[in-house]
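Chains: A, B, C and D, in written order; residue numbering restarts at 1 for each.
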Amino acid sequence: ENIGRLIIKCPDQPGIVAAVTTFLKEHNANIVELSQYSMNPEGGTFFTRIEFECPDLKKQGEKLEQEFQEVADQFSMEWKFNYVSDLKRAAIFVSKEPHCLLELLWEWQSGDLMMDIALVISNHEDARATVEALQIPYYYIPANKDIRKEVEEKQLKLLQVFEIDLIILARYMQILTPDFVAAHPNRIINIHHSFLPAFIGARPYERAYDRGVKLIGATSHYVTNDLDEGPIIEQDIGRVNHRDSAEDMKKAGRTIERRVLARAVKWHIEDRVIVHGNKTVVF
Amino acid sequence: ENIGRLIIKCPDQPGIVAAVTTFLKEHNANIVELSQYSMNPEGGTFFTRIEFECPDLKKQGEKLEQEFQEVADQFSMEWKFNYVSDLKRAAIFVSKEPHCLLELLWEWQSGDLMMDIALVISNHEDARATVEALQIPYYYIPANKDIRKEVEEKQLKLLQVFEIDLIILARYMQILTPDFVAAHPNRIINIHHSFLPAFIGARPYERAYDRGVKLIGATSHYVTNDLDEGPIIEQDIGRVNHRDSAEDMKKAGRTIERRVLARAVKWHIEDRVIVHGNKTVVF
Amino acid sequence: ENIGRLIIKCPDQPGIVAAVTTFLKEHNANIVELSQYSMNPEGGTFFTRIEFECPDLKKQGEKLEQEFQEVADQFSMEWKFNYVSDLKRAAIFVSKEPHCLLELLWEWQSGDLMMDIALVISNHEDARATVEALQIPYYYIPANKDIRKEVEEKQLKLLQVFEIDLIILARYMQILTPDFVAAHPNRIINIHHSFLPAFIGARPYERAYDRGVKLIGATSHYVTNDLDEGPIIEQDIGRVNHRDSAEDMKKAGRTIERRVLARAVKWHIEDRVIVHGNKTVVF
Amino acid sequence: ENIGRLIIKCPDQPGIVAAVTTFLKEHNANIVELSQYSMNPEGGTFFTRIEFECPDLKKQGEKLEQEFQEVADQFSMEWKFNYVSDLKRAAIFVSKEPHCLLELLWEWQSGDLMMDIALVISNHEDARATVEALQIPYYYIPANKDIRKEVEEKQLKLLQVFEIDLIILARYMQILTPDFVAAHPNRIINIHHSFLPAFIGARPYERAYDRGVKLIGATSHYVTNDLDEGPIIEQDIGRVNHRDSAEDMKKAGRTIERRVLARAVKWHIEDRVIVHGNKTVVF
């Protein structure tokens, strides 16, 4: 395809959109979708995501990027061109509960998640058959907190070999070390089984049950070194009532987790999510 | 009307429903609606709410209650007969923001909240005209944390004079003392402007904004002496996104707060809410 | 298990609940959950669903049913005892789109749909591998409107051989004949891909797109001989906007269809759905 | 204020955004928010809404519009500059049920609906006190289908005298004539009490009840001469169940109608709604 995306973050000032869109026009790039957000037009941060079509984009891309540098410098931009034909390569991490993994595999099979699922890594063998049936490599790496370092070394090696852009924690129940996280800034997406910041940490459904809430939820966020404190991409909730046990909440929660994670991953691979501080702009 | 409600909480054991419904039948009471919940059929707590119709209920009520004592004793019941014609008498407390008060007045005028609004108490004069236009007494009692005791003495006196059954904190922004709360167990309904247990305490919308959540919410709960920790009656949420400032969230939140509080009050006055520990059964 | 369910529909009159619960108590059946609804306490129809536990239920069941006849006669009841250990036997019909089938298989594998999936019947071969991998027989019966009669004969024979209680049309895109439908009253559950009664019939997403709706939906209902007019069990919706093409709506709709059908099937097999006229009571 | 909005609709082609944003930049207008949508980048219709800030806009406006004509001609644009300081002038029409009117008045009082409510017209006297208490003129014009023409003449005269830009039918239960509608294209906003296209026409809640739906809804749309067929601006729904009578649905529906109409009006006065054929783009 000849579709590209230009993502920009910079200090706001007059003339940014004009400069960028004029640049694109002069390079024969027709805008398909333009989203823009300014935190504060008088002195805040400016964000844009522009999807464009450009004949012969594969060849033109490098030239485009070189020549854009001038515009970028003028406005002190952080910027990135992405090409729709360069699919992101994802690694999915999973533990015992398969529902989030299955949802991703399914959406991917239906053609609704435009990425390569390069491999699945798990500390359990449970999902091997399902994953391998789709010709996706499955790596079983037993894990616990005492061997965290060795485990992550194996994982990092695989991520390198498979040239991974994106790590999806699809209910992977091991904590990642600060080094691992630091090596993948805004590239690890987690699903937490509560509407954060409620019920940070372990056993959220049990604690939701104990508190007697009338809503349960799930939150997909980028992983940072503060547990469950990273930038939120998407959240959703469902109703529960006094008849629901903690076990019922877990079951009902699965459906919520599945759709929240799938949406977050979809938006990420479409370059719709821009992280700013501890928040996200989702175009 | 000849409609009554029987609310029961007791240790579960076989035969409760049979005993109660047989009693009602023998007293010519026809069941209109029966809700039942057992936390655990083998040894938990049993709850029921039975709405019934009984000819000449006003006269029969006392006899019914006397004779029910025998059934109640047999099963160690906590129980209560309520009569729909005895409207609960509510006091609404409000500070500056009127939206929750207005919603309650409105639903009440439409005939959708079957209670008497006996008076409104506020630490501001703002809502006086609106309230008095409906022939509801309005008491202005300035308040701050230094004069809490004197303020509550005045309030308690009014509650006594007006024979109040129910206190509704419709965005009343003063903290109540433990004595005040203890005097009204499960009779003070508050609306908190977050989906608890997220954002307990002050300035929840500002903190929601800072955290970058994608959902905001509101929670209605009975007040206990643990701030925002009382039994939850109802919660609901709305979507926000990166374009919403804390101020936008406050505005959007008003609509959620209004409907959550109105539902909680409605369920309370229909005797649908039974408190058990720190949770509610809502029939 | 020793869990049974008693489902009753009869003209309302005083004493029904007392009579039934007294009967259960006398037969050592302890009530686990009781739901009751009366369309109009003075002269309408009464519905109840009682879940109970009874020692040695397998053996006692027949006796229970015989002796209940007396109570039933007294109140002119339509009634039925179901035993949780007698799983319903379902046939799933599917055409090309697999998402609803997959959702059912998944929920079933997770232990959330307590039924036997006895077989899958399809007019396409697409889903064979998925279904057979779960040791469920898969029957490919090509179908079109010219051979409807022969097709249904084959299907009916399979339903008989497999002793089917429930037919689930999981996006089965062939119309059933009146004879077929009449043979399975309130036993065929369909998922229609719109919020009925909007967009009855073919191509609802395209028509939703053309109309410019801001919500799309799905409806699960029992099949009758009036197309898409049968008793509704469950409905749900999702938001769309001007950026969504008909194709986008189809994709978004799949998620809605999946959860609506799964809920309807769950409620049906738990005996929570009682049909009355062209409506359902869902306990 | 110095905030303006530029709304454009034109055939899509490369270079539109560049031309428009360059024009704005050259006129010292800084973009606050830019939304853009292209039905089909290769040959469809292009829509944009640009909110900008420009020093001394009141004085500059006319010059801006004159000079923009050149850009507009180049791309065959339909276009319009609106100035935030020029509040739209609305007339609210209401019949007996006041809830939608009250919601609008309330949001307006809270500062959340930036428009002038120039007058209220009703075929009943019920709302007079409420409206006049806010210093808004109230005109009682009795109406029925036999005197439709005379009624509308009176109404049209008032609309002219008060220089009305927007007519809001806040549960106004009289049908408007084709002439009246034709005179106000895309300027009459109605609230219909169902999720269209379900239950077009009269008595939607009764029909929803009869059909046994599990969701009720409301739809706000521009009025055209096809009853309830105009471009939809916003829709929302709420859950109902078998216990809800048609009367209960009406009550529950009021809350939905209120928020759907308020949102639609808010979006309209912020120039976020662009009509295209029988659909809307809502930015």
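One rule holds in what follows: a residue touches a chain if its C-beta (ideal position, glycine included) is under 8 Å from a C-beta of that chain, and two chains touch if they have at least 3 such contacts.
Small disclaimer: the values here were computed from a predicted structure and weren't measured.
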Checklist line | Labels of chains that are neighbours to subunit A and to subunit B | finding: C, D
Next item on the list: Call it same or different for subunit A and subunit D: same when shared residue numbers make up over half of all numbers used at their interface.
Entry: same
Note to self: Taking each chain's centre as the mean of its C-alpha atoms, which one ends up farthest from the centre of subunit B?
What the structure shows: A
Check: Between subunit C and subunit D, what is the separation of their C-alpha centroids in Å?
Finding: 42
Next item on the list: Averaged over CA atoms, how far is the centre of subunit A from the centre of subunit C? Could you give it in whole Å?
Entry: 37
Note to self: If I count partner chains per residue in subunit C, which residues reach a count of at least 2?
What the structure shows: 37
Checklist line | For the subunit A and subunit D complex, residues of the former touching the latter | finding: 13-18, 21-22, 24-25, 28-38, 41, 53
Notebook entry, point to check: Which residues of subunit B touch subunit D in the complex?
Noted result: 99, 102, 106, 110, 112, 133, 251, 254-255, 259
Item checked: List of subunit B residues in touch with subunit A within their complex -> 37, 195-199, 211-215, 217, 231-237, 241-243, 278-282
